[in-house]
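Chain lettering (A, B and C) follows the sequence in which the chains are written, and residue indices restart at 1 in each chain.
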Amino acid sequence: MNDWYLSNVTIIQSCLIAAMLAMSMQVTMRVGVLSVAGIGFYGLGQYSTALLVLHGILPWGLAIAVTALACGVLAYALARVLSRVRGLYLTMVTLGLVLVLTVVASNGGEFTGGATGLYGIPVTVATWHMLVVIAVGIVICAVTERGFVGRASEALRSDEMLAASVGIEARTVRRANFGLSGMLGAVAGGLNVLTFGTVNPFDAGFPLMVTILTAVIVGGQRTWLGAVIGAFLITSLPTLLSSFSGDTREMAFGALVVVLATYAPDGLLGFASAALRRLRSSLRPPPTMAEPERRRELADV
Amino acid sequence: MSEPGLDQRAHREPVLDVDQVSVHFGGVKAVHELSLALADGELVGLVGPNGSGKSTLLGAISRLTAINAGQLSIVGQRYDHESPAAAARLGIARTFQTVRLLPRLSVLDNVMLGSNQAFRLEDGTRWLARLTSIRSRERLLEQSARDALDRVGLGYLARARPGGLPYGLQRKVEIARALASDPKLLLLDEPTAGMSRTERDEIGALISQLSREGLAEILVEHDVTMMVNACPRLVVMSQGQIIADGDARSVVRLPSVQEAYLGGDYRAPAQS
Amino acid sequence: MLQQLLDSVVLASIYILFSIGMSLAWGILGILNLAHGAILMFSAYVAYLWADSTSASLPMVLIAGLLAGGVLSLLMELGPFRAIRHSVGDAEELELRTVIASLGVSTILVAVAAHYTGNTSFQVPTTFQPTAYQIGSVRISDLQVIIIVVGFGLSLLLALWLSRSRNGRAVRALESDVETAALMGISERKLSSATMFVSGALAGLAGVFLVIYLGATDPAASHSLLTSAFAVIVIGGVGSIGGAVIGALVLALLETLVISNTSGVWSPAIAFSFIIVVLLVRPEGLFSSSRTKVDRV
């Protein structure tokens, strides 16, 4: 078991980081916003953590924590600034944001290491650190999927007018989700940089956006579990299919995204849970008005 | 003989005060300088031909439609600059002309959206304090939702998905959701459309009962006969303005009202 | 200065061709096609393939690009877009799925092109040799004239058709309400197919022009081109041709100025900065009228 772990440690760590990134995207998707800002904050998190550590300003643990908090606040502020921008416009803004960050980073001269990026960042993060962090992230995502916050999110996602009519302030929920998304992305970036020791401006670009979106779509955008499953699949698949070139892999991903978006928008997890539900309901007949007594018993099963 | 209740109501502040409200859509005066007041427990029927502005008025009251002029107050508190969500939190609940239920949530969860109302997401510190009692809070929300479902007779459907339900039942769930928020004012936009005769009578009885319990309601329906029978007070709109407001049976005999309804579906009830 | 102005107008013309297609698809069908940039690039690639094997003249190469773009766009409509439109879900959800599907197509196209070009730039050789003329302090080539004429000319024709012809006016009146279209007797199928074909054809045309004008392009350019098109649409408003013209001119002018005054690395940032500024001030774009997602209360 130990041998398997040691020979696959890089993949496992990449999977965990991808999972966090996927969750950062899923968190805004559950309120109906397709945002790649999480990827942008991934890049910011990478650079911020790297710079804090390289210049000896903070020990690595605090560097990640401070970065995460700062990015969370920044993301929240960004959501405030963009609160009047909706739907597809918002998507494009986040897309443009990521591209601009790439441009800024590659033109940052000495400070950001320019187009070649930064090297020699001490590798201080171990897998168990990642597991702890992702566990915390999962808890936050899971808790906000249930209860009143979960219902509010679903209402916002599906029918904003209805949400408003039952007292749900769209702005607040959206901003909170954006902030969470920023934090998750930034943490993923910080962990990545402290695991692999380098960062360059093209890490957080279009290809990563597409990969993470594919992961979320494949696994299932409705819950954090879908994002995690998708991320693990997408990250580990290339090594399983290492005989194929990068471009072929991209083609396959693209095709997968198209097929899923068209026929199975809730991904593998959505497909599985829908099948399960259909199975359950075929075993239990639907309630009718004629037999309220019997239905009451069965409905509580 | 005047009822003591009526006198008391006249002295109290109106639950809803619509004061000279106008809603203009690019040149069209959907609602024009309209004033309306409702007291506690008052059940008002809102009628008018298509395009008279009934739905727009409901939208204005619930703040889902912006107003161009005038004031809105609920229990004496001005809210014409508030967001629709804030208006809901002030105690205004409504149903919609087209059923708006979330297909991915169970019936109970849908109704709990209404009881959600007590949860103020914008108040950060109170939210943190509430985190500690999340589970008990959730139980409270669930209980009020179940109570609301029971009131419309659909307690047994708690776990069902709204998508598979017949139209009439879906509308009942919507009403339950509005009730779950313990509102001060209930706006019902054609709540019985698509319901059977029996269901219609049930809802009619519920609406009357709620009024007796002190809930102010505005009911918009096409079935004028039903309205006259159910609502003590009738407000008739035409072209964005109120052309009549008063006792239902008298209002309906006014020549101006009958003219607005030329060819309408109202037949004066047989002499009783 | 005048030279830069000329260069901007040429670039603007290409942007117009490119953006109008995306804007129309968005305004009439409600489809935000994020593969539009990839379609432009891929059409140029197809033109390259064809020109490489035969010795092609300029018109032939343009037609090749036009057809490639049109067909690609049409396939997207006949395939994923139509299937999504006919599936169950509320408007926002379908819109999101359409966007995601278009991202998938974009990935495929870029990957295919990258695979066969080795992810390097490619050119489109033609038998056409541009001749340059000197008018005062300005150098102008006949290629530039052609681009300007085709770009502005086609958009003028399109604008006229939409506002004068009966079919055009009907389409205009819809503004993406496809159900009303059916009631008005316009076949939803024909409308969406035609719109997507034209949209892609214009992109293909722009792609070939771009490659010939700039000398070369590469698969990765799709993304920044997409941002540029979006900036044009945001400035000009969705579905507005006149707005797209103005947006394209403004953007092209700014980019040209920045490129000539800095080393050009900041130019992708311009488009985005524009997007941000305009959307903050006027979320629906400077010239648009309807079909927007703006908070109204």
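As a working rule, a residue touches a chain if its C-beta (ideal position, glycine included) is under 8 Å from a C-beta of that chain, and two chains touch if they have at least 3 such contacts.
Remember, it's a predicted structure, so these values are computed and weren't measured experimentally.
With centres taken as mean C-alpha coordinates, the chain found closest to the middle of all protein C-alpha atoms is A. Chain centres here are means of the Cα atoms, and by that rule the chain farthest away from chain A is B.
Spacing of chain A relative to chain C, judged by their CA centroids, is 30 angstrom. Centre-to-centre spacing of chain A and chain B amounts to 40 Å, using the average Cα coordinate of each chain.
Between the CA-based centres of chain B and chain C the separation comes to 48 Å, rounded to the whole angstrom.
Contacts with at least two other chains are made by residues 64, 83-84 of chain B. The set of chain C residues touching two or more other chains comprises 297.
Counting partner chains per residue, chain A shows two or more touched chains at residues 158-159, 164.
Interface residues of chain A facing chain B in the complex, by the touch rule stated above, are 147-149, 151-152, 154-155, 158-159, 161-170, 172-173, 176, 286-287, 289, 292, 295-296, 299-300. Those residues of chain C that touch chain A in the shared complex are 26, 32, 79-80, 83-84, 87, 89-90, 92-93, 95-101, 103-112, 114-115, 119, 223-224, 226-227, 230, 234, 265-266, 268-269, 271-273, 275-276, 279-280, 283, 293-295, 297. Across the complex, chain A is touched by residues 62, 64, 83-86, 88-89, 93-94, 96, 100, 102-105, 109, 112-114, 116-117, 119, 121-122, 134, 137-138, 141, 155-160, 164, 166, 169, 177, 181 of chain B. Across the interface of their complex, chain C is touched by residues 32, 34, 81-89, 91-93, 95-97, 99-100, 103-104, 106-107, 157-159, 164, 206, 210, 213-214, 217, 245, 247-248, 250-251, 253-258, 261-263, 265 of chain A.
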